[in-house]
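Listed below are the structures to be examined.
There are two complexes below, and they share chain A, which is joined by chain B in the first and by chain C in the second.
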Partner chain A sequence: MSGYALQIGAILCVHVIAAYAAYMTLAAGQLNLGIAGFMALGAYGSAVLSNAGWAMPQSIAGAVLLASLVGLCVSYPVLRARGIYLTIATLAFSEVVVALILNMESLGAASGLVVVGHLGFWPILWVTLGVVALVVFLASTRFGLCLTAIRNDAQGAAVFGVRTRRIEVTAFTIGAALAGLAGALYAHHFSYVEAQRFNVLLSTYAVLYTLLGGLQTPLGPLVGAALFTLAPELLRGTDEWRYVTFGAVIVVLMLLRSEGLFTRSFIHNLMHRRPAT
Partner chain B sequence: MKPKLFLHGVTLAFGGLTVIDSLDIQVMPGSRTGLIGPNGAGKTTVFNLISGVYRPNAGEILLDDEAIDAVPLDRRVRLGIGRTFQNLRMMKHLTVLENIMLGQHTHVGLWQRMLVPLNSPFNRAGLTETRAAAQLMGLSAHADLLADGLPYGVQKRIEIARALVTRPRLLLLDEPAAGLNSSERDELLSILLTQLPKEMSVLIVEHDVAFVSSLCDHVVALNFGRKIAEGRAEAVCSHPAVIEAYLGKDDDAADADAGVPAPALDETIVPQESDQKSERAPGAERGTHAA
Partner chain C sequence: MFAQQLMNGLMLGGIYALVAVSFTLTIGILNFLNFSIPALFMLGGVVSCALLAAGVPAVGAAAGALAATGLASLLVERCTFRWLSTSDPHIPLVSSLGFLIFFENLVLVYFGSDAVGYPSPFARASVKVSDLTVSLPQTGGFLLALVLVALCYVLLKYTKLGRGLRSIAESPAIAEMLGVKVGWTVSSVYLVSGLLAGIGGILFGISYLQVSWDMGSEVALKGVSAMVLGGMGNVWGAVLGALIIAVIEVMTIAYLNSEAVNVFVYGLLLVIIAFCPRGLLGDRVKMAERM
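For the complex of A and B:
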């Protein structure tokens, strides 16, 4: 594969993991726009640990742990709010993380940080496949059942004994861990981190991939991230019009398939389609 | 004998409107108690009080002689209170089997919830119970379909199957036969008569007098949140206060309210739909009110 293709592949993997980070909270019915903040924690966490002499796998694991702990602590106050207020709280959290980093000279402030230890495409791909497998697994358990039930009707789920708050906290924390992982992989792939990169647009894209792919199955985020990372690349020839085309495609998709591309009934129809006679 | 469930002087008001007014209801262990009353009488609200959706403003609710008012909504099912919803609360992104399986939630340990896929052999007991409940309610053919677009009568039966797998000791059925055709209704009646454990206590809201009479050993009639009659089914259904409640005496609707009472049933008490009620064909849920 060409260097260019490997580069795109690595970015795609980071996008897929970020999309799963957004998926975890969205699956429980809440919109988390703090993905970029958790990615920043993961990226800077792993950068600092590597630069302090830790081996790469350990520093990535440490960074994921950091992101999940922060996620767990943040989730309690954040999940007290619902809907749009929760979203704004996560957005604010993300901005605070970036602002803190920008003000810390030891983290390179605005000029960023060089990261020791380079991670190529293949290991990133394996990790990504592991993440996909993990989320598919979680979605197949009662935990996954509860996420869907809470998204559909939280009070109805509570009537059957589902402790909705706990499930939401768990989902939020797993999402934070995944975002941290995406950030750490990103940092090691580009060997350089810059706080300004972790802005709201990054979170927005993670959410967009998930919503366009669909929340109903754990494959939605994968499909969404793949399609919408690769499509702009394929449209590269058309230059200035590609973002217009891209935007138009998103609008049309949202109108035609408001539940996302990959819904359960879509899969059901695919699997039960009788061979033509 | 001590009652299984005892609502003692329970009062609930929404804003200034008293919806349940110092209500006393007893459900004896193993009994089949009917709760009847015109639209807006407060029957569903009673269920919401028992299952913890609302807290009473006054009075207390005793289960096996213990006050349960402090028990939050998501802990009541552990006490053995299972319920169905009049307005169907299907999880639209779950299949029929998965919807039923949700009812087993409290019978499954934490680690199993996180680590065991629903279709794996480690969940065999759960699947077997779910399939049995689905089969009992005649849902096998729909098992793997999404619950969402299924016919009303089918969703109604999913509600019951889901309540049964909570393994309730007190089962609350809110208009289980509403919207079913007469053969489905007979089938449901025979299931409820023969398949429920004898020791299970059941409280049933139902408008169909024949249904209530064949199933219930005891009936409580409500109107405007107050108990207006109580006793054996035939006696309560023919009680003047009950007939008057269903027919209404001061009907100010433009319709002629004199003369033939039967057709006026649906219009007499204006149903004040609460905001969570889903839209349905009006009247589809009403049974034959023959008083």
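For the complex of A and C:
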């Protein structure tokens, strides 16, 4: 594969993992706009560890641990709020993380940080496939069932004995860990991190991929991220109009397929000749 | 120095307040976080700037910009509100995000990526009051913002339309049963909210003499934060939140540095949400439960 294709592939993988980070909290019915903040934690955490002489796998694992610990600590106060308040709280958290990094001279502040070591496309691909497999597995467990139950009716689920708070905290923490992983992979692929990259737009896109792909199946985020990372590349010929087209496509898509692209009935129609009723 | 900065903060707060009230209307009444508001804000600024540059008189330029934002807002309504009651609450959110990307990049194509000087008819008119420099367009904008917010409050509280709106906030189905024209009323919410954002954009251009395709994002983030700080669906809460955030922002830039702004603004927001999850003044129209 050409260098260009490998680059796009690596970015695609990072987007897929970020989309799964958004999926974990969305699956429990809450919108997390803090993905970029956790990605920044992962990226800078792994960068600092690698620069301190740690081997790459260990430093990435350390960064994931850091992101999930912070996620766990943040989830308790943040999950006290609901709906929009929760969304804004995660957004505020993300902005605080990035602003703090921008103010730390030891982390390179606004000029960014060079990361020791480079991670090629193939290891990133294997890690991404591992993440997809993990989320698909989680969705098939009792935990996954509880997530769906909470998303559809939190009070109803609680009545039937689902420990909603524990499940929500777990989902949020797994989401934070995945975002940290995406950030760490990103940092080591480009061997350079700058805090300005981890802005609201990044979080928004992660959520967008997931919702466009669809929440009904754990494969939705994969489809959404793949399609909407590659589509602007394919539209590159139309140059400046491609994001105008992208916006219009999103609006039209939501009008026509409001449950997302990859729904259960879509899978059913693929497998069987008769459409699902 | 301090008094001057405080005044600058309040002026900026006026613009944040318009955007915050614009957000709070669609949230409080329709329970919908309208992500296209930054685009409407930007359209107000950019369209009026383009019209002024083309030689249209100030009143015509303002009217043209407001017509553009109003139409854009109604277009957003056609593609988002219909889905609010029927399915997942996240779908209209995605649609409005699509509109944000669409409008911002459309302006980027026609307007370029650089910030453009705003040919304001008032330029930098200002008067000196003892050692304070009072910018006339900024002061006028601030007063206009307060008047508009007050009008919104009166509209919601005392008019037939306002009663209809509040009944829809309680329950759209029952409101319809009792004879409220839900479709028409909802369109008017979008229209008012879009116009407020558009006016905010024009005032931003007049006050800071610069517009660009991405001017909406930063202001809208502060607007949403202001709304949450004050309590959603609460018009005066939005104003209070906007003034607090703008003053913190201006003070931080004046006494520390511009990199530290977000630490204080969003740090405060995080603390407020953690300790009083319903904002400072609480949400009067208790809509959050449905989310």
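The definition used in the following text is that the second predicted complex is superposed on the first by the 273 of 277 C-alpha atoms of A that agree within 3 Å, B and C clash if a C-alpha of one lies under 4 Å from a C-alpha of the other, contacts with A are read in each partner's own complex, and residues count from 1 in each chain.
In the analysis below, a contact is a pair of C-beta atoms (placed from the backbone, for glycine too) under 8 Å apart; a residue touches a chain by one contact, two chains touch by 3 or more.
Just so we're clear, the structure is a prediction, and the values are computed from it rather than from any experiment.
Look at chain A after the overlay: chain B and chain C fit there side by side.
In the superposition on chain A, A:Trp122 makes contact with neither chain B nor chain C.
In the superposition on chain A, A:Gly156 contacts chain B only, with no contact to chain C. Touched residues of chain A were counted for both chain B and chain C, and C has more of them.
In the superposition on chain A, contact is made by A:Leu145 with chain B only, not with chain C. Taking all C-alpha atoms of chain B against all those of chain C in the superposed arrangement, the shortest distance found is 9 Å. Residues common to the contacts of chain A with chain B and with chain C across the two structures: 215. Interface residues of chain A facing chain B in the complex, by the touch rule stated above, are 137-138, 140-143, 145-146, 148-149, 151-153, 155-164, 215-216, 264-265, 268. Within the complex, the chain A residues that touch chain C are 26, 31, 77-78, 80-85, 87-89, 91-93, 95-96, 98-100, 102-103, 109-110, 200-201, 204, 208, 211-212, 215, 240-241, 243-244, 246-251, 253-255, 258-259. Against chain A, the residues of chain C that register as touching in their complex are 27, 33, 79, 83, 87-88, 90-95, 97-106, 108-109, 217, 221, 224-225, 228, 232, 259-263, 265-267, 269-270, 273-274, 277-279, 288-291. Residue ranges of chain B in contact with chain A, taken from their complex: 51, 53, 73-78, 83, 85, 89, 91-95, 98, 101-103, 105-106, 108, 112-119, 145-146, 162, 166.
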